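Next up: the structures, one after another.
In the two complexes that follow, chain A is the common piece, with chain B as its partner first and chain C second.
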Partner chain A sequence: MNTKLFIILILTVSTASAQTPTAEQIVDRVTAIMSPENSYSKGSQTIITSSGKERVFEFESWAGGKGESSLTRYTKPAAIRGQAFLMLNNADDIWSYFPRTKRVRKLASHAKKQKMQGSDFTYEDMGGGDVFQKKFTSSILGEETKDGELLWKIQLLGIADQEPPYPKIIMWVRQSDYYPIILEYYDEKDFNSKTLLLSDIQIIESYPTAMTMVMTDNKERSSTTMRTLEITYAWEPPKGFFSERNLKK
Partner chain B sequence: MRARLIKILADLAVNKTKLMLWIMAGVTLITMVLSGGMSMTPKWSDMLPEGDKRTLEFDRILEEFQSASSIIVVAQGSEADIKAFADDLAPRVLDSLTIPGKDKEPAIYVRRVDYKADLDFMKDHGFMLMKEDDLKNLKDIFQDPGLAGLLTNMNNSFEKEYIQPSESMSTREEEDGALIFLNGINDWVEAIGHTLRTGNIRTADAEAAVDKLLVGEPYFLSYDREALIMNLIPTFSMMDAFMIVDGTDAVQAVLNEVLENHPDVQAGLSGAIAVGRDEMYYSSQGLEISMGLSFFLIGALLYMAFRMAMAPALALLNLIIGLIWAAGIVAVVVPVLNIMTAMFMIILIGLGIDFSIHIISTFTEMRAKGLSLEAATLAGLQKSGGGVSTGALTTSVAFLALMIGDSRAMSELGLVTAIGLLAVMISSFVLLPVFLVVRERRYTKKRIKKGLSPELAPRDLTLKPLGKAGIIIQDNPWLSLTAVVVVTILLAFSAKEITFNHNMMDLEAEGLPSIMLQDTVQEKFDLSMDFAYLVSESVEESRDLRKKAKELPSVASVEDISIFIPSPEQQAKRAPHIEEIHALMEIAQVTPIRPEDLDRIRTEIERLEMNIMEFQSMAFLGGQDKVYRRCTEIVGSEESPPDITVFSNIYGLFDQGSSIVTAKLNAFQDAYADYFTSSVLQMANTSPLSLDVLPESIVDRYASKDRSLFLTTVLPSGNIWQDKIFMEQFGNELETVSERTTGMPVIMRALFEIIGRDGRNAAYLTLVLVYLILLLDFRSFKYALIAMMPLATGAVWMVGLMQLFGFQLDMMNVMALPLILGIGIDDGVHVVHRWRLEGPRSANIVLSSTGKAVLLTSLTTILAFGSMMFSPFRGYASLSYALIFGVGACFFTTIIILPAFMGLLDKRK
Partner chain C sequence: MKKWGIFLLLPVLILGQPEFFGYFESEADVMQLGSERYSFGYNKFRLDVEARPSDNVLIGADVIIQKYWGQTTWNIYDFLPGYSDFDLIQNIELQDTILVDNIYMRLSFPWADLTLGRQQISPGVGYAWNPTDIFNTKSLLDPSYEQTGVSSIRIYLPLGNRSALNGVVQPESTWGKSTKQLWLKTGLSRFDVDITLAELQQATPTSMVYGDAFDVKRTLAGGTIVGELLEWGLWIEAAQNTLDTLVSISPLGPAASHDPLSIQIDKTYLEYVIGIDHTFDNSIYIVGEYLHNGFGSKDKSQLGLHDYLYSLTGESTSLMQDYAFLYAMHPTFDFVTLSTLVIANFNDNSGTFAPQLDWNAFEDTNISLQGSLFWGDDDTEFGLQDWGLRLRVRSDF
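Take a look at the complex of A and B:
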């Protein structure tokens, strides 16, 4: 189905519907909006180093299969220029390429739960797909207004045998376009370990897109800002693009 | 009653002069002896309420745990130089030491020196101290001690570690672990390079490289390996105030001697004891400088004001005697002064001199008017006595109001200053008139001898410009009051904007060697001295506390004895892996290196280099600066590849010819392999770890002297001084782990809370009490209220001006708020007293006479407090600025508001 038509259909259905959608319906629509088929973007990532200094990286990123596959290549600064990461199967398989040694190394499968390049995002956080639909049960906790925006407060509880990335997530979703703007991640002790704020939401080629994402680690008291500098959803991956061979290029 | 008392005192001064002098000399002698019992404590915890559980716990820790009161030697220089310096100094400090410049028998001040890890213990139990995951990862290394096998296994292990970088390096502890691994590899590769270059290697060097690879660096080196820490465990504790100074000075003397033999090393003392010594020494020195300076400046000011040398001399003499009396009484009531109460003398100088000024002012005025000695003494005391006694009482009551607070900082300061002020007031009433009479009689005799008239020609000593200003204000009351209201509103807005600086480091002395070295330790070792303490009664409890504390969001790392005594369950899990290592190493065979092995060895060395390069990239992306820097030192970086690295040195050496290279590498393998095997077998020891097997140096670090208590040290993950919310979070979270949490972050958080609350309560109480005293004194609601108005307005001006000039409130200057209520009220009291004495529309005479005295007393107070600006303690300087603003503001509000009221009220009459 044509992507634009699909989005228009979703928005039309949601507007036309007089009844409040169910939690599952909301999560389905969030997943659809958040997982465009393909994308190409340039972005920056700001981290705080162990000495308390700010470090900014710039990268190019390609995603395909609704976020199931992705390739990220760093462009700045010089110390990591050319270093690239390939994630397949929703980050179940991760490879890294090191230009200085010209070696490709596979990261262990459990690496997806680990912090991605010193940021407060895990590899899994960056993976797309239908994680919310498959690994969580959802319920509506209520409606709230933030900054004049009417929101649904959705609770996502992990399904134990599906190995959810977090035991619980609370997500605030805009009623106007089904775009999530806050996600609170909880650990096993029901501590709000991380919070993701999505802001500067712009409509890019019919898709609402957060140009700024800030992930705060409430335990480590650190935060990572990801900025999208440019993005297009019109990019089509050539055959074999998401491959170890292409990673080396 | 007051009038009768004043008459008796005037009578005694004139008629029983000698008797009075003898009595006062006796009182002074007794109080001087008593004042010798006064001492000072440098601990901030001594400012918390007596019996406060955090203070009691902190004191118990200082008393019970040797590691809590240590002297830290920080040496800087090249790695080899600082290690040699440490080896030289360690035995010397354990000797009997003498204190330079003091006639004392040599004594032992240092019980033990910790400056190297206990390698024997680590080699006996090293594997049992490793986490199970690390054992799984690293055990491959210990399969083959031969060079080719070892390099291969090292690479395999390196790559295994690499696949979980964030898990293993997400905390500071893990980053440190990675550095130990990198340092070991660096030295190992260096040893290979050395052998390839020279053809041989000393067994000791090969063994040292093995030790570094297996157990790490024994010296406590900084991350850049250009600084070293030695921990000196003294024979005394932080609680022994006198020993702190003697012990530190004795150690410093030895250190200076040793430094003479190590010209390329810089070293100094830091840690709780050295900082305590410096704080005591420099704060005492600062207060002495302040006192001397304030005496000089006040004397000079009085000389200019009274235009005679004797007036300031008598005022200062009276003040000194009053201070001796005050010190004697205070030494009995509060024998140990804290950082706050230690400055009571400065406050007394600033306020006590005022009494003398008022009395001398009116006395000289009366004499200048031509009154006889008797009449002038009586009139002088009568005219100033009311104001002086009421002023002294209101100020003392204001200080006593501080006693409602829980904190010793405030309650003790209130008590000692109130007592001192009353002592100085008594000396001013009893002794000063006697001095004035003696001086006048001598002066008269001199005049008679010279053939001059014994009576003085009338002189006008009033300050005319102030009188004129008074008349203008009195004639334009509404204009003056409107101006005051406008300025007050503007400054009130400014005052609302003032912020609180919670950074205690901004109050500490600047440039003190021990404090500067604390910064060096922070920078070079990433080690903060601002940790919290938890005490437990068993190793199990300590382990439990450590586990809970480590999970707190505000905690960076936790250190306790359980690091060296894993739980029985942990030991049971580790044992099979250790046994496996033991079994593998027992059957391992070292075969000589053959020429055909060279390619593999070289390939493995290249692989090792690549592993470090990739580790470096991941560390850069992961923000692990220390690991990235170390990797860059070892393999260089892509942007600026160095000409020579430990690896690039090696590759060329492989071109010497295969038989030569083979022989040299065999020499290296022969030098280390047996030692490697025996060391691994020694470390692969599954015997249980318990308190009994730990060496004394480790137990002393964490256990109390009788081994019944255990200390857990908790480092915060943020800067507690620059982030107040974080400081509160850290304290609150730790209190969920243990109610007996203590340490500087906890104590300072409590101090902020308590002092803030105490200050507010004391200020309210002071206002009520001062008003009641004024009511009793003036017997008029109206005049009591008018006398307080300049103070209320002045307090607003003070905070508003502080904000306007870029000052912040802090722990020390916040005390100025209740203090100014007691100090500033005097101006209004004196002026209203004189106004009521002189009658309606008397602004001219009131301001030119009493106004002059008020100006003088304000200036003397400003000079006394201003002298604290030169104290190395920035906290004292901060307080002095606040009080200068306060005293200045109260003076101006007094001379503007009160004449305006004189104009308004007297007009109606």
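Take a look at the complex of A and C:
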């Protein structure tokens, strides 16, 4: 189905419906909006440590299969220029490439929880796809208004045998377009370990797109701001794009 | 690569809207070896250039300028336990260098990548050791340091998303003398697997001492597997090697049969590495590897000069047979990483413990300080040294 038509259909159906959708329906629509078929983007990543020190990274990123596959290549700073990560199966399989040694290394699943280039985003956070649908059960905790925007407060509880990235996530979703603007991640002790804020949401080629995402680590009191500098959803991956061959280019 | 290749590629590089990048690196070392304390180091400048005249063509090159200081003349006998007490001298001189290390062109066809020229080739999945790597030698105290280029022709044929056939030829004067290696890689469930075959002809490192050498043909059949088990990264890299002496006359003549250099080269041996890694919830990352090298000696009393020469030159992965490598790392403070590595030789009960501090002082500038403490008897591989200290500063651009 044409993706533009799909989005319009989702929004039309949601507007036409007089009933409040179920949590599962909201999560399905969040997943559809957040996982375009393909994308190519350029972005920056600013890490601010607890002591206020700052490091800025820039990268290019390609995603395909509704976020199931992605390839990220750092362009700045010079010390890590060319380092790249290939994620397949919603980040279940990750390969990293180090240009200094010209080696590709397959990362074990524990590495998914590692900070990506020292940022507050883990590899797992960068993986898209249908994680919320497959690895969590959802429920509506209520409705709230923030900055004049009516929101659903959704609780996502990890399904143990699906290896969820977090035991619990609380997500605030805009009722106007099903776009999430706040995600709180909880650890095993039910502590809100990280918070993700999505802002400057623009419509890019029919898709609402957060141009700024800020992940705050509430334990270490550090934060990482991810800015989208350029993005298109019209990019089509050539055959074999998400492969080790392309990772090394 | 021949000089004509450099002259051919350099103008294309200049005309292809090149990108320039590289680094400056300065290193200072102190090493205590018995009663002698040595200080030495180098300053190194590397300039890389990459140009893409079209989407399907990549041209890359780098120039390295390296100047050594302090102790630049080393007597190899000082590093050979059992020989260091004799007045034997065989010096190696570290020369200041200006060289084009890598210079290559990669042509990307829909069905293959073809890379021609001097290029870095880094096969294998092991961290500290790579039994299937016939091109490089790793420093155990810094296994992830870049490798020098190999003048070669390389073809990469993708066979689906997770499978590929990869071949390298390092041409010499005849096909028989040329180094050849072939890999077939595929994915099996959550594991990456490859099998490899290689053949090379090399002169034995005895030439360092006597200026002449045996030619030995080495054939290798091996493979790697990398994946995970119970959330621990797991890899195995193994190679079965066969050595055949091509020139069987000792440079010292028939009477040299009792000379330590006149060894029986013909042999078959197995070499393998088993490795694991894991990141704990507290961000501590650990890597552990075990090496068995059938080429090495099992007992230090069996060691001859040729064993040391093979090990020093990197022709053999290790001096003896059984080793362990352990590396642990933790991002302790803002942009400061503390790590330590331990290397143990199980055959002569010697080893080293090397803590390290890495500080990303400024964007693109790293300062690292590594200490190393050695244990073992004076006539053992690591026990020969007492301690070392290394300061390295590197700034990328």
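Keep this in mind: the second predicted complex is superposed on the first by the 244 of 249 C-alpha atoms of A that agree within 3 Å, B and C clash if a C-alpha of one lies under 4 Å from a C-alpha of the other, contacts with A are read in each partner's own complex, and residues count from 1 in each chain.
Assume contacts are C-beta pairs under 8 Å (C-beta built on N, C-alpha and C of every residue); 3 or more make two chains touch, one makes a residue touch a chain.
If you're wondering where the values come from, they're calculated on a predicted model, not measured in any experiment.
J.: Touch check for A:K219: first (chain B), second (chain C), both, or neither?
T.: The first partner, chain B, only.
J.: Looking at A:A78, would you say it contacts chain B, chain C, both, or neither? Reply first, second, both or neither.
T.: After superposing on A, A:A78 lies in contact with both chain B and chain C.
J.: With both complexes superposed on chain A, which partner does A:R103 reach: first (chain B), second (chain C), both or neither?
T.: Both partners, chain B and chain C.
J.: Quick one: is A:D93 in contact with chain B, with chain C, with both, or with neither? Answer first, second, both or neither.
T.: The second partner, chain C, only.
J.: State whether A:G240 touches chain B only (first), chain C only (second), both chains, or neither.
T.: A:G240 contacts chain C only, not chain B.
J.: Please work out whether A:V56 is in contact with chain B alone, chain C alone, both, or neither, and reply first, second, both or neither.
T.: second
J.: Can you pull the chain A residues that chain B and chain C both touch?
T.: Shared contact residues on chain A (touching chain B in one complex, chain C in the other): 49-51, 53, 55, 78-79, 98, 100-101, 103, 105, 107-108, 110-111, 114-115, 118.
J.: Which residues of chain C touch chain A once you look at their complex with the stated criterion?
T.: 21, 23, 58, 108, 113, 120-122, 125, 144-147, 156, 158, 160-162, 164, 190, 192, 226-228, 231-234, 277-279, 281, 283, 285, 331, 334-335, 360, 363-364, 366, 396-397
J.: Chain A touches which residues of chain B in the complex?
T.: 159, 162-167, 170, 172, 175, 526, 553-554, 610, 613-614, 617-618, 620-626, 637-639, 717-718, 726
J.: Per the contact definition, I'd like the list of chain A residues that touch chain B in the complex.
T.: For this pair, the touching residues of chain A are 47-51, 53, 55, 57, 74, 78-80, 83, 98-101, 103, 105, 107-108, 110-111, 114-115, 117-118, 218-221.
J.: What residues of chain A sit close enough to touch chain C in their complex?
T.: 49-51, 53, 55-56, 77-79, 81, 93, 98, 100-103, 105-111, 113-115, 118, 240, 242-245, 249
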